[in-house]
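One chain, chain A, links the two complexes that follow: it is found with chain B in the first and with chain C in the second.
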Partner chain A sequence: MDPKTIICRCSDITLEEVRQAISDGYTTFDEIKRVLRTGMGSCQGRTCMPLILREISVMTGIPQEDLNPGRKRPPVNAVSLGAIAEGEDHDYES
Partner chain B sequence: MTMKADIVIIGGGISGAAIAYNLAKKGMKNIVVVEKRFIASGATGACGAGIRQQWGTEMNCKIAKMSCEFFENANEILGYEGDIEFKQGGYLLLASNEKEEEQFKRNIALQNRLGIASKALSLEEAKEIVPMLNTEGFVSAAYHHKDGHLNPFHTTLAFVKAAEKLGVTFMKYTEVTGIDVNGDEIIGVQTTKGYIETSRVVNAAGGQSQDIARMVGLELPIYSERHQILVTEPVDPILSTMVMSFTGNFYCQQVPHGGIVMGRGDAGEPRDGNINSGWHFLEEMARTITKLLPPLKKAMVIRQWAGLYNITPDRQPILGPVKEIKGFYLAVGFSGHGFMFGPATGILMSEIIMGEPTSIDISSLNLYRFDRGEMVFEPSVV
Partner chain C sequence: MKHIEILIVGGGPAGLCAAISAAQSGAKVMLVERHDHLGGQLIKQTHMFFGSEKQYAGTRGIDISTILTDEIANSENIEVLNNATVLAIYEDGVITLEQNHKYIKVKPERVIIATGASEKSLAFPNNDMPGIYGAGAVQTLMNIHGVKPGHNVLMVGAGNIGLIVSYQLMQAGVNVKAILDASPKIGGYLVHASKIRRMGIPILTRHTVLKADGKDSLEHATVVELDERWQPIPGSEKEFDVDVMCVSVGLSPLSELLFQAGCEMKMVREFGGYVPLRTEHLRTTNPQIYIAGDVGGIEEASSAMVEGHLAGLAAAKSIGYEHPEFERVYVDYNEQLEALRAGHAGDHIRAGMSKALIKEASC
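And then the complex of A and B:
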């Protein structure tokens, strides 16, 4: 595959950059996210996460099913501040 | 497996990384930093990463100024290949009433005396800096142009990389499970990856600092409280400055990447180590910020998270050795400001550990001030 292939569409991160981060010792999805911003965009990692886990697996030899897919953060989809502010009152805490 | 270290630093956040780097620079060998997860995975990585010098106590002002001056040249000093993304867009602090305005005037006088060029602004002048600001409910503002923002991950990694070049060992995914003491002396640290023989330990464990102190039988007058944050999708630059209010209990800043980061404190936040995100925060934050900065109604929230403030009774950190246990040092209780104080923490703690005179007199930040009632309360915290 072309090393310039975009892995993270939200932050324009290439395969080459992901591989460099892994060889620099960032061998979990959550660490790579903090170094490269992969998974910090509006898709919340839905596109890049499986691709990055596959690269980690290839480079570390750890089976993909044993890798931590990273911590999920709310909200599931992007919501405008205006829509949240104008929403109805709730009396529960998630 | 048994290792030997001249010093073990517990916590791979900004404080631990900066202390390790400064000790190595002073020539100390065999420095081991033990981190439960990965670098900056705790309070450092969860923080808003704003930095300011506008404080209400002399110690906080001096530590913040020293740190800011370091940040200005940190990429070069640390030889970092990446970028710590330092942006000095200033902090605009809003006063809600005359009492707070008076407090700001006292703070500005203190800051100016210490060489920090902050100033009082009218609401009209505040609007020149932040044109979209709705000034309703405020009486005046304070501003300092050198305050700003950094990337907390890259800033911490810059210290880590520089420390590694000087021979420091960072043990990631390694949890401290106990500290062995013989009489009043430390003899070793138990971890999930083996035993480390050492006579010196630095507690830089952020939100877990009380748990680490308890391992040597020390009760710290500290609690950890959840504070929540959210960030929007990146947008074009629309907000050059941090906007913050202590009585309004919020802060909001656009980072260089384009996302707008905002957070608020809440008296009802849990103190049990919980760092899950809550829906209540999202609503309160959205209502507060869309009233204050109405164009942000259109900004899309893409992520929220939380971290722990490690809070002392006077909201100033505890820095230094303890009387009870020889070789046990505290860099704890930053009360929400450990990231921005990181560079000074590293310099000052390394001076204390090496037995050198400190660049700033921080003797008043010792653990025993609370017993003696020598507290100077920091009024300017969200």
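And then the complex of A and C:
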């Protein structure tokens, strides 16, 4: 098996797949997220985001300072739906 | 929903000091930490600190954590929530957190974000192979759990973390084969680098990882020299027989909550990633939100502690709790910070600050 360069550990997405997506015209972090799921796993992009933004910058020639890092939606960490559903009862009281 | 005066997110060096100074000013503080213990990265730091006496120079990181944690335990104004993760900051100022599978909502008057940073990773073939760790994981295994990560290590990154962890590995009887760094110069302090070189460990600047190999886990790593344009030089490959690769290529601020809070953010290379614009009082463009420590730019634990104190004092003052000796301590902490950032070692911090600092009036 060919050695893979993993960019997104949560969804096992490789450097090759990221580069393919960029050359297919998906040139923002959020677009790549929607086609490859990078940034949607348990680390929420903390591992892959810097690597993906660097690839976008190299391939498009746009400096990293000018790239959009994408929307950072709540929650920033995994939480069970059950916990949210019961949340009404857990408003913090001292 | 409970009314909270100051919510502090993160119980590392910055968050602990922010809690202490805000509480000393008279504010009621809630300190939220996702682990079961306070201290953050300090508890992995078995080495003695540099800096001046005011930042506990000569004391080991883990002992600094104990000093600060004891002070927190003795404060009536601080409530600590362990095993609690802040999940989101919403437009109306409501903050949600989870503690032991309970979903909790709070609405604080001020928030100090002290979430720290996460480790950057490196892209090379087989980079997901067992045996390849971040430096934080190696420190956790060795210094918290007393577990040897392996026998022969290749350290990637010659910043202070890479150098210190290499030294600790050697102390633990683990063989460090070499330390690499892609840049032409060693990033960490020369005193650490010299200590390591005297032990016979080569530090290869302008080198990077080409690939990792092994059957079920890491057995070999191939490295390559880089030219002035950071491109691999053909024929310069070297192979190392290692069962551990420790990746220590920098940190990135954990700033998602600040994005959610609507703070104006900027990618600042010198700070390791996206950081909020901030005033000299560590207030972001969201007037309720302050920052302290690595989330505002990657630096050292010493400056994180000083920033924590400053943010704690400033956030408390903004809601009417002025520290009894505000002027004196505030000036003193600012002078400490200036001293920590002085000289050549602070060049990149001062450069980063010139991009991220805004005038108080503009927010």
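Convention: the second predicted complex is superposed on the first by the 84 of 94 C-alpha atoms of A that agree within 3 Å, B and C clash if a C-alpha of one lies under 4 Å from a C-alpha of the other, contacts with A are read in each partner's own complex, and residues count from 1 in each chain.
The definition used in the following text is that contacts are C-beta pairs under 8 Å (C-beta built on N, C-alpha and C of every residue); 3 or more make two chains touch, one makes a residue touch a chain.
None of these values were measured; they are calculated from a predicted model.
Engineer: Would you mind checking whether chain B and chain C clash or fit side by side on chain A after the superposition?
Structural biologist: Here chain B and chain C can both sit on chain A without a clash.
Engineer: A:4 contacts which: chain B (first), chain C (second), both, neither?
Structural biologist: A:4: touches chain C, not chain B.
Engineer: Quick one: classify A:87 as touching chain B (first), chain C (second), both or neither.
Structural biologist: After superposition on chain A, A:87 lies in contact with both partners, chain B and chain C.
Engineer: Counting touched residues of chain A, say whether chain B or chain C comes out ahead.
Structural biologist: More residues of chain A are touched by C.
Engineer: Would you check which partner chain A:15 touches, where first means chain B only, second means chain C only, and both and neither mean what they say?
Structural biologist: Only chain C is touched by A:15; chain B is not.
Engineer: Touch check for A:44: first (chain B), second (chain C), both, or neither?
Structural biologist: both
Engineer: I'd like to know which partner A:34 touches here: chain B for first, chain C for second, both or neither.
Structural biologist: The answer is first: A:34 touches chain B but not chain C.
Engineer: Who does A:69 touch here: chain B (first), chain C (second), both, or neither?
Structural biologist: After superposing on A, A:69 lies in contact with chain C but is clear of chain B.
Engineer: Could you read off the angle at the CA centre of chain A, spanning the centres of chain B and chain C, to the nearest 10°?
Structural biologist: So the angle at the centre of chain A is 150 degrees.
Engineer: Quick check: superposed on A, how many Å separate the nearest Cα atoms of chain B and chain C?
Structural biologist: 7 Å.
Engineer: In the superposed view, which residues of chain A touch chain B and also chain C?
Structural biologist: Touching chain B in the first complex and chain C in the second, residues 44, 73-75, 79-80, 82, 84, 87, 90, 92-94 of chain A appear in both lists.
Engineer: For chain B, which residues count as touching chain A in their complex?
Structural biologist: Going through chain B, the ones touching chain A are 38-41, 45, 153-154, 157, 232-233, 257, 276-280, 282-283, 286-287, 289-291, 296-305.
Engineer: Across the complex, what residues on chain A touch chain C?
Structural biologist: Checking each residue of chain A against chain C gives 3-7, 9, 12, 15, 44, 46-47, 50-51, 64-65, 67, 69, 71-77, 79-80, 82-84, 86-87, 90-94.
Engineer: For the complex, which residues does chain A have touching chain B?
Structural biologist: These residues of chain A touch chain B: 26, 28, 30-31, 34-35, 37, 40-42, 44, 73-75, 78-82, 84-85, 87, 89-90, 92-94.
Engineer: What residues of chain C sit close enough to touch chain A in their complex?
Structural biologist: Listed in rising order, the residues are 1-2, 4, 34, 79, 85-90, 96, 98, 101-106, 118, 120-121, 123-128, 211-213, 252, 254, 256-257, 259-260, 265-267, 269, 273-274.
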